[in-house]
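Here's a structure for you.
Note that the chains are named A, B and C in the order they appear, and that numbering of residues resets to 1 at the start of each chain.
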Amino acid sequence: MSHHIVEVRDLIYAYPDGTEALKGVSFRIEHGSAVALVGANGAGKSTLLLHLNGYLPTTRGDVYIGDTAVTRETAALARRAVGLVFQDPDDQLFMPTVAEDVAFGPLNAGLPPEQVERRVADALARVGMTHVRERPPYRLSAGEKRAVAIATVLAMSPDILVMDEPSANLDPRARRRLIELLLSFEHTRIIATHDLEMVVEVCSRVIVLDGGRVVADGPARKLLNDEALMLAHGLERPHSLKHLHPRELHLDNRTRGSL
Amino acid sequence: MHMADALISPAVGGTLWIVSGGLIVFCARKVKQIVRDNLVPLMGMLGAFIFAAQMINFSIPGTGSSGHLGGGLILTLLLGPYAAFLVIASVLTVQAFFFADGGLLALGCNIFNLGFFPAFVAYPLIYRSIAGNQHGALRARVATIIAAIVGLQLGALSVVLETLASGISELPFSTFVVMMLPIHLAIGIVEGLATVAVISFVAKARPEALYMAHADGASRSLRPVLVGLAIAAVVMGGMASWLASTHPDGLEWSIAKVSGKEDVTGAKAGVHKRLAEVQEKTAFLPSYGFKDVQSEATPTEGAVPKTEHWPAVSVGTSLSGIVGGLMTLTLACLAGFLIRSGSRRNVH
Amino acid sequence: MGIANWIEIGRMDELGRMDTPVHRVDARAKAVVTLAFIAVVMSFPVHEVSALTPFLLFPVTLAALGRIPSRQILKKILIAAPFAFVVGMFNPFMDRQPLAILGPFTVTGGWMSFASIMLRFVLTVGAALALVACTGMNNLGAGLGRLGVPRVFVVQLLFLYRYLFVVADEGSNMFRSVELRSERARPLSLRMYGSLIGTLLLRSMDRAERVYRAMVARGFDGEIRVLRRSSFRWTDAVFIGIWLAFFITARVWNLADGIGLLLTRITP
C-alpha cells in the first residue's frame, strides 16, 4: 500500500432491501490530509466509511487504498492500512481490560507478544491513556473511552484514520482533548461528523454528501462559509466562521498557526 | 429451579458435571464449525440480553401474579441448539458465581436441567415437529407453549431425580413430585407465553432476525440429539429405577403426567407396560422403606452413627432400570420421529 | 425490577478487582481449591454436623485476607437460603430415629441431617462467593480457559459479563420510560412486555452486529487470541498444598470433636 492515497471511484451501493445508499461517489484524498465528510443524517456517510476498510463489499465502483483495490481478498490488508473508529466506543471496547482491547488488533495481525506489548504501550501513550491500562472499559468516562477506542486502532499502525462522529457525547474538555489529538496526528484523517465547528479547526477539506452523492468537495472554510450550500443540504454555517475576516477564509489550517 | 450444592451428593453432582462439561465441549466444537464468526459477539450479547430480560416482569393474564422469561427456548429459536446451550450455560455460570443462584457443585446439574431439555429435546422434537419453519402462525405459538412446558417439566423431573439420588434430603418422592411438577407446569406456561410474546413482536418488526437458527445447527443430523437422549435416558433411568422399586405408583403417575404433555401417541401403552416389567424385575429385591420411627436404638452420648441412607443401590436394579428407561425413552423418541418424518429427510 | 441484582454484580466486580494477597493468588489455584472444598464438604455422611464446622475456616480466611466485607456474603447466603431450607425441612418429619440426647432433648436423625444440610449450604455458597469476590470474573474466566475449558465458552462468559451492564442499562431505561407513562404501578401486560423485550432483543442484536464490525475492523478472523501471561508461582502451589492438606485432615479426623475433647479432657 504505497503513498496511502485513498481513492473512491463511482461507488454505488444498495442495501439488501433495495434502498440505494450511495449513488456514485468519487473523490481522491492525498496522504496526510484531514478531510471532513459532512451531510445530513441518511446522506450515506456511515455506509461510505464501511467501504473504506472493506467491511461492505464493493459491488459497483472501486475503492483504492494506495494502489490496491479493496476486494474480499485484499480486505485484510485494507484493514491494516485503514483504522476505522466507530461512533459508539462501547461497541469497540469489548475486552475485559483496556490493555487487552488495545492488544486485540496487533494480536490478530499475528505479531509476537513483545511487539504486541510495545504497540499497546505506544498507542496508549499516544492518546494519553497509559494510566487506565488495567481498567475495565465500563469504568472509563466518555472522553477516556473515546481516546482508548482511538488507541485500539492506532495499535495497528494504520496509515489512514477513519472516524465516525468522534466528538459525539463528549463534554467540552474531552472534546478539546480530542481536537488537540486529531491535530497532532500525521495520518490521513477522514472524519464523518456533524460537529462543523470541529471541522473548522481540524480539517482543511470538506466533502458534502447528500442523498448518496457528493454535492460539494473543496477547501473547508470556503464551503462551510457558503450559507446557501450549507442550508441546501441540511447543514448550517458554523458560527466560528461568521467572525473571521474575509481574508482569513482563504487560509487552510496548516498555515493558520503562523498568524 | 436452581439447585443448591447442599442437596447434591458429590456422586450425582460429579456425574452431571461430566455430562454438562461434555455437552459444553461438544457444542463448542459444533459452534466453531458453523462458519459465521459474527456468532461470537451475538452469543455474548444474547446472554446479556437474557440476563437483563429476566429482571423485567409481566403480569400473567387471568392471575394476579407476574412472571418473567427464563430464556432457554427463545435462545434455541434464535441461535439453534448448540449455540443456545452454550449461552444458557454461560448465564447459569454467571448466576452461580454472583448470586449464589445454585452452587458450583450443582452447576453441572443446573446446566443440564435448564439447558439440555429446551435445546435438545423441546426444540427439535416438539417445536419443530409441530411448527416446522413458520414463526408467526398460530401453529408456531401453540408449538412454543407446548415446547416450553415440556422442557420445563423434564427439567423439573430431573431436579427431583437428582435430589433423590443424592439421598441427602429426606423429602419423599411423591411429595417432591407433587410440589415440583404442577408448579413447573405453570412456569412452563408462563415461559411459553413470554416467548410467544417476544417472538411475535420480532416476527412483525424484523422477520429476518428469526431465520438465523435455520441456517445451521437445527437442520443438521439428529445424532447428537440421540446421543444426548441416550445419556439422559441412562442417567434418569438409572435413578428412576431405584425409586421405582418402592414407589411404582408415584413414578408411574409422574411419568404418565410427563408423557401426557409430550405430543407422543401410542407411547402411553408402552410406558405402562415397561414400568410393569421393571416392577416385576425388582419385585424380588429387598424391600426398602422410609426411615420409620424406630424405638429400639439407644445411641451413645455424643456419637453420631454412620447411617446407611436410602435408597440402597443394587446393581441388579440399576441395570434393569437403565434398560427399562432406555427402552422407554427410545420409544418416546421413535414416536417423535414418526410425527416429524413427513417434512424432514435429515434423520440419521 | 431487578436493579438491585445488577448493582450486586457491580459490587462483586469491584471486590474482585482489589489487590490483596488472596487476590494475587492465581485464579486457577483458587478455583481448584474451592472445587475440592465443595467436594469434600459434600462427601460427609448425611448426619454429620460437628465435623463440618472446622471447614468454616476456608471461606472465612479467604474473605478476611481478601478484605471482603462479611455483610456482602452473609446477605447473599441469606437470600439464597430458602430453597435449601424448604427441601431440607422435611427431614425432621421423615427421620425420627433418635441419635443423641442433649439434656432433656432427644435429637433425632432428621434434625441432624437438616442442620447438616443448612451448614453445608452456608459452607458451599460462602466458598463460591468468596472465590468470586477474591478473583473477579475476568481473571476467573481466563483461569478457567487455562484449565482447559473450551475457548468459545470462556469468550462467551467474558462477553456476557462485559455487556451485561450495557444491556441491563438499556432495558432499565426502556422500562422506566414505560413506567413513567403508566398511571398505576403494575407489571406490564403481555403485549407491552413483548414489544419492550422484543425491542431490547433487536437492539441487542444490532449492538452485536456493531461489535462484530469493530472486531472485523481490527482484523478479527474467527480466532480469539490471548496474550499468554503464565503466572503460576510457587506461592500458588503452596496455597493449594496447604488447603488440600487441611481439607483431608479435617475430613479424616473430626477436628471439632478433638478440640472439644481437649477442652473438657474427657476420654470417650
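Methods note: a contact is a pair of C-beta atoms (placed from the backbone, for glycine too) under 8 Å apart; a residue touches a chain by one contact, two chains touch by 3 or more.
The shown structure was predicted, so the numbers you read here are calculated from the model rather than taken from an experiment.
Taking the CA centroid of chain C as reference, the farthest chain centroid is that of A.
Put simply, the chain nearest the middle, going by average C-alpha positions, is C. Looking at which two chains touch through the most C-beta pairs, you get B-C. Between the Cα centres of chain A and chain C there is a gap of 44 Å.
Our note on geometry: chain A versus chain B, Cα centroid distance of 51 Å, whole angstroms. Chain B and chain C have Cα centroids lying 23 Å from one another.
Across the assembly, chain B contributes 41 as residues in contact with two or more other chains. Shown for chain C are the residues in touch with two or more other chains, namely 158-159, 161-163, 166, 207, 211, 215, 220-221. Chain contacts: chain A has residues 94 touching two or more partner chains. Against chain B, in their complex, chain C makes its touches with residues 1-3, 5-6, 8-9, 12, 34-35, 38-39, 42-43, 45-50, 76-77, 79-80, 83-84, 87-88, 90-91, 94-101, 109-110, 112-113, 116-118, 120-121, 124-125, 127-129, 131-132, 137, 140, 149-153, 155-164, 166-168, 170-172, 175, 186-202, 204-205, 207-209, 211-212, 215, 220-222, 224, 257, 268.
The touching residues of chain C, when paired with chain A in their complex, are 13, 17, 138, 141-142, 158-159, 161-163, 165-166, 207, 210-211, 213-221, 225-228. Residue ranges of chain B in contact with chain C, taken from their complex: 2-10, 13-14, 24-25, 28-29, 31-32, 37-38, 40-49, 51-59, 61, 66, 69, 86-87, 89-91, 93-94, 96-101, 103-105, 163, 167-172, 175, 193-194, 196-202, 205-206, 209, 290-294, 297-299, 301-307, 309. Those residues of chain A that touch chain C in the complex are listed here as 50, 53, 55, 76, 79-80, 83-84, 86, 88, 90-92, 94-97, 100, 103-105, 107-109, 113, 116-117, 136-138, 152-153, 156.
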